[in-house]
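To start, the structure under review is shown below, and the notes come after it.
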Amino acid sequence: MRLAMSVLGSLAVSVGVLAQTPPLKLDPVERQMPAYIQERLTAADRVLFDKLMRVGIESAWSLVTAEGYPQNFINELTQLKPNYRMVGRARTMRYLPNRKDVREKLYAAGPQLNYKSAEEAQPGDILVFDAGGETRAGVSGGVTTIRFLVRGGAGMVIDGAMRDIPELEAMPMQTYMRRGHASSVSPIMMSVDYQVPVRIGSVTVIPGDILVGDSQGILVIPAEIAAKVADTALEHDEQEEFQRELLLQGESIYGVYPMNPATRKRFEEYRKKKRN
Amino acid sequence: MRLAMSVLGSLAVSVGVLAQTPPLKLDPVERQMPAYIQERLTAADRVLFDKLMRVGIESAWSLVTAEGYPQNFINELTQLKPNYRMVGRARTMRYLPNRKDVREKLYAAGPQLNYKSAEEAQPGDILVFDAGGETRAGVSGGVTTIRFLVRGGAGMVIDGAMRDIPELEAMPMQTYMRRGHASSVSPIMMSVDYQVPVRIGSVTVIPGDILVGDSQGILVIPAEIAAKVADTALEHDEQEEFQRELLLQGESIYGVYPMNPATRKRFEEYRKKKRN
Amino acid sequence: MRLAMSVLGSLAVSVGVLAQTPPLKLDPVERQMPAYIQERLTAADRVLFDKLMRVGIESAWSLVTAEGYPQNFINELTQLKPNYRMVGRARTMRYLPNRKDVREKLYAAGPQLNYKSAEEAQPGDILVFDAGGETRAGVSGGVTTIRFLVRGGAGMVIDGAMRDIPELEAMPMQTYMRRGHASSVSPIMMSVDYQVPVRIGSVTVIPGDILVGDSQGILVIPAEIAAKVADTALEHDEQEEFQRELLLQGESIYGVYPMNPATRKRFEEYRKKKRN
Amino acid sequence: MRLAMSVLGSLAVSVGVLAQTPPLKLDPVERQMPAYIQERLTAADRVLFDKLMRVGIESAWSLVTAEGYPQNFINELTQLKPNYRMVGRARTMRYLPNRKDVREKLYAAGPQLNYKSAEEAQPGDILVFDAGGETRAGVSGGVTTIRFLVRGGAGMVIDGAMRDIPELEAMPMQTYMRRGHASSVSPIMMSVDYQVPVRIGSVTVIPGDILVGDSQGILVIPAEIAAKVADTALEHDEQEEFQRELLLQGESIYGVYPMNPATRKRFEEYRKKKRN
Amino acid sequence: MRLAMSVLGSLAVSVGVLAQTPPLKLDPVERQMPAYIQERLTAADRVLFDKLMRVGIESAWSLVTAEGYPQNFINELTQLKPNYRMVGRARTMRYLPNRKDVREKLYAAGPQLNYKSAEEAQPGDILVFDAGGETRAGVSGGVTTIRFLVRGGAGMVIDGAMRDIPELEAMPMQTYMRRGHASSVSPIMMSVDYQVPVRIGSVTVIPGDILVGDSQGILVIPAEIAAKVADTALEHDEQEEFQRELLLQGESIYGVYPMNPATRKRFEEYRKKKRN
Amino acid sequence: MRLAMSVLGSLAVSVGVLAQTPPLKLDPVERQMPAYIQERLTAADRVLFDKLMRVGIESAWSLVTAEGYPQNFINELTQLKPNYRMVGRARTMRYLPNRKDVREKLYAAGPQLNYKSAEEAQPGDILVFDAGGETRAGVSGGVTTIRFLVRGGAGMVIDGAMRDIPELEAMPMQTYMRRGHASSVSPIMMSVDYQVPVRIGSVTVIPGDILVGDSQGILVIPAEIAAKVADTALEHDEQEEFQRELLLQGESIYGVYPMNPATRKRFEEYRKKKRN
């Protein structure tokens, strides 16, 4: 996902003569947070989220795993927008099958949690709905999501269903879910817990986690290690860019990926040159 | 799905200053039946189907449920065309696992039901194939579907598989199904019943039902209540449009969605003004 | 899939008057192998693959079945690129759940099989990974696939997961898989066997099989019958093109599809004329 | 299932010295219809059902397949009673997801079909409920089933759920189903069709089919070929009994199963002797 | 489950002459809480649980539904002991996929919740583990369950897996689960919440709920309505016992089930007589 | 599974007075290989298999995991015999979806692998069939299994289906599988590889692996570590027996499980005394 489409498009034409001449160069994709979010982020978030917009998710996954979190990747959901990078901070909710007594008590105490989370969202937040995989009712819909969007919302992750899918598809942010449904949350489900640890697919997400989503799925980064992961992954990506370039020039994969000492030396020169 | 994409596209640019100034307005999406169907509909259908092309599926679902049909939404199938509204009238078929004796008797009595239904289709019809979720054989294919299309066919809903997917993707109508398959219906399946009640996902569809499909799935409206559902849902949508507008202008969701008395009063003024 | 989109697009406009005048003609879709592969194929492969780029998969399926292979169609995987024809020759690998002793022995003996297969790939090859449907780890990723692409790779079929999905989506070849995942193959899986018979969905694929993929799924053609299948299917397609044309002109499906003797006579005249 | 448990129990003790002496003999299991059914059957049914109580289901499957019915075995359901042979004649019902309009019309026309089928059942009947695999509501329960039992009912096959499982477990007949549920059929399901072709798992069952069930699942035999299948299968079983005996005496499987000419000769002598 | 097995056993023998003479009588099954629990219950629980040991689960389900709880039946789990009535009070736990940071914080604060719940269990408690359906690790095992048993534990309900299945099978209480597994809870899962609302299958269970389990599944009764449900269901069961008796005597189901006025009158006389 | 049923049965009676007096003692279950196998094992196997008949599977799982094999437990299959310990050595086969060309080549080269494996089986062998989870055809059946049994076969593990289930249920060895089916292996499947690494559920099994099965599932122990695992697990079990005893006497779980230093000291005294 770090290769620009235009480059690969031209590859189709010119690769036939690759063995002789290396006509391709790597144009790193320029991914950015939407302006309406970026402007409103704290300075620290702006820096962090900008790095995570550009990082290789695979590199970041390796580092998150190495830090002791091998179960932090969600790949059971479907994304509404193709080829779209989502970065933000988890704001979690837990939904359970509806039952009258619990529902009455909870809803007497305050608004349903999709309203509350939309209203309280901070710029760069991602709403995370744990609905236990239930797809017979949508946990929220388009109107509520407009409020979230205006607040600076950066995405939604639902282990369940949503309403108003075409409207969500048109919004400038990503939504991950299992399926759509036209039904309101009632009478099948009810919102129960706000900002607690939840289960999405086979991953525990806690409030404040940094989420990085793409077509593969969503990497869940504990907030404390997010900056370190971003920095180290970008370094690792630099190495992979070099390896991609060599392979596009027709070199053998042996010695290049993974690198043998000779290739590593060439890489260090390449990096030195690039940084000057 | 009632917000124009261009509006939401511009949202990404201008929302940063939303709090100060309300620069967005709602452009209702203009959805229409394809001309080749519309021209051939009866006058009554033209009016009804036109309304259902524009209605919010979520509003319509609420009304269908309120009329006593809480199990009438299909969300287990996949659609071939993204962001495409399907409206039409169900023409149903039932397929069963093949067995020689039943097949011989049935096929001696007349053509297979995919041929028959294509030939007998009326403008605005939607072919509904109950294949019990079987995906190891396609119930019909591209050639037969051309006949259906020429007859004014408005869509297909298959709880099973279809052949010739790329050809169907290119047609000016929607197809919902589980998967594609290159296999003919034989030797796995056979067509058994025509114009009987069938099961699609977890919904019973009967001949004459009015179907409204979108990315969320398909709402099944009993014919007798279709006009009432369409009219009432459009009224409800007007209210949601107003709510969307307020939220896009930066108002809090509390009081707006759902409406408190003050907002309702503003809405009534808005509606009055809009109608003059 | 043999109807050009432009034709069907115009159908939406003009079909209303179809009954009177036949304004539509069939423009067969022009499908071709990407140039970077085509140039490097052997002469025999270039002829065979070119035919299979154009053939109707349904016609070919009938012939493969008639030759004694009724279980040779894969429809359990998802494709990364919409509306894209894949043709090539299977190069197979088998992955198993990881266990230390087997892994150590295998990896001491040579490189992991995704590297090896990318390096040894011949122009027009399709990498086939049998990972037993496991989606908790990717069997390979973007960097390795660049080597495969440069070697003339024509596609990938994975009964499991892949990394770097956005990068793969941008490549000029098709990938079929179950899901994406950011994880490396370890610690969940390991590559075990190279160029052996494997199971993809419910089909056995052997090295050298000719694969033809489209939106329906992938037809697996034993190499020995591939040329015969291609030729006979193209003949059959010619007949279906004629039938499509008649139906687009408003003729009844009865007698046309399947053909009665009168239609068959008209078809033979049509074919004769077309060939002069 | 044609080996008596007592034999195999003793096998555990004596098999250690099998190579020297053949101490085992085959005691064919004596399976019979329950007396309360048998007494009330027609003479023809008594003969047919008695044979099918003793036949090898695998032999019968081969013959049903050879007659042109390769898709006639149900193995997707669970049986309530272990190690219990069920034989009888299918009386079918079709259930669909509930919807008010259809339900009102149907239930105005007569009793629900579980009542009707229990009341009209003939001795040796098996009730077959096609509920589309739905397990959120039971199609019938214990009280109704008592009526069926008293009428001479021989079993139940439900592609869905039943109520009152412990009561059914205590009855002298077999029940196959997906799961139990305490819910009445309403409000999830409704009975729609009586004595029509239905789908159970991936098999079509029609009224009058002869069903033979065991722990493997249920063989569906078209009525017209049932007598022939029973007779031929019993002949084939005789051969397998001989093969079992040879293997228990320690002979190699090669030449015995399948038989080479020498073994076949020995079998013919064995059969001749046995019949005198 | 209200018919004694011995009665139904004898039915097989005598039913053939049922039409003439009514030789069967209903012996209500005597179900009781195990003595080791019963002795230690509070007086109120002893009365309530005793009624629920005898009640028809289907009758109770109807009443729970009528009170506004139509989603309170769990039928997705498997029971270890056949034909065994479980009654008790829910003590809930919630497990999530393991992650280092959450686990360290939680386990520093106190013992894992399977230990804690076993230690704090009151007589008649049922441990309810919400493990999100995860079956790759057992949430608890045999040793811990001995402590629970000694404390007066009445059953376990696990939406996930357990260790030591043969040991649990030998215990004098019921266990419902998805599958067994030999793995400890780590490294796949961790215990997170104690005595909170949880999801089991598609039902919300809260601490204090009264659970009644049998082969059909588990009915979840809110504590506040449990006494009323028990009393009313027993009354309803009395009516069903009468209906069963009539049907066993060979009466038609029409008029008996459901009752017409004449049968109701007979029932009232029967009840009067029975109570004297 | 290390508590005798009789003990736990009596628990139900006496536990009410447990707090005062500790009336229960642990009677370790006596599990043994069937005599017909045991007599024919090599001396080394007799010792190893005897230990593994008695070991706690959970203890053994911990040790296998600690040796570097965290993915070696199969819990996706169903067992034919309840409460039955299976121990033996894996003899593996791989089945693939049938295709004519591969089948003809393979079957020309020698007998089908279910025959071959039955004929070549050594005492204590377990046949392991990888059929990719396919349940539409049985990989083998009762007659062939008799030959395996006579050879000293100790069990069967099938990731797929088997024929002749009642016959297998009556045999003095365990069978694990997905479902039964009456169909022969053809025309759906074919046997392809003998004594190669295979996938069962999500575990790789290689020829020579030592399998230990129980109601939880099957632990796969690499042959090289089997003796060490058996010895160490038995030691660990001794500790758990002590812990069980303390808990049955009414002690708190805290300090006992896991052990605190004081309990450990008591355990060491208990062990010393027990060994004298």
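As written, the chain order gives the labels A, B, C, D, E and F, with residue 1 at the start of each chain.
We take it that a residue touches a chain if its C-beta (ideal position, glycine included) is under 8 Å from a C-beta of that chain, and two chains touch if they have at least 3 such contacts.
The structure displayed is predicted, hence computed values, not measured ones.
Between the contact lists of chain C and chain F, the overlap is empty. Between the interfaces B-D and A-C, more contacting C-beta pairs are found at A-C.
In summary, the pair chain B and chain C forms a contact in which the copies contribute largely different residue numbers, shared numbers making up under half of all those used.
In this assembly, the C-alpha centroid of chain D lies 31 Å from the C-alpha centroid of chain E. Each chain gets one centre point, the mean of its Cα atoms, and the points for chain A and chain F are 43 Å apart.
For chain B, the set of residues touching two or more other chains is empty. The chain pairs satisfying the stated touch condition come to A-B, A-C, A-E, B-C, B-D, C-F, D-E, D-F, E-F.
Those residues of chain A that touch chain E in the complex are listed here as 68-69, 71-72, 96-102, 132, 134, 188, 192, 197-199, 202-204, 206, 222, 224.
Across the interface of their complex, chain A is touched by residues 1-5, 8-9, 11-16, 18, 56-58, 60-62, 65, 70, 73, 75-76, 82-83, 214-217, 219, 240, 243-244, 247-248, 250, 252-254, 257 of chain B.
Residues 34-36, 39-40, 111, 115, 118-119, 135, 138, 141-144, 146-147, 149-150, 161, 163-167, 169-172, 179-184, 187 of chain C touch chain A in their complex.
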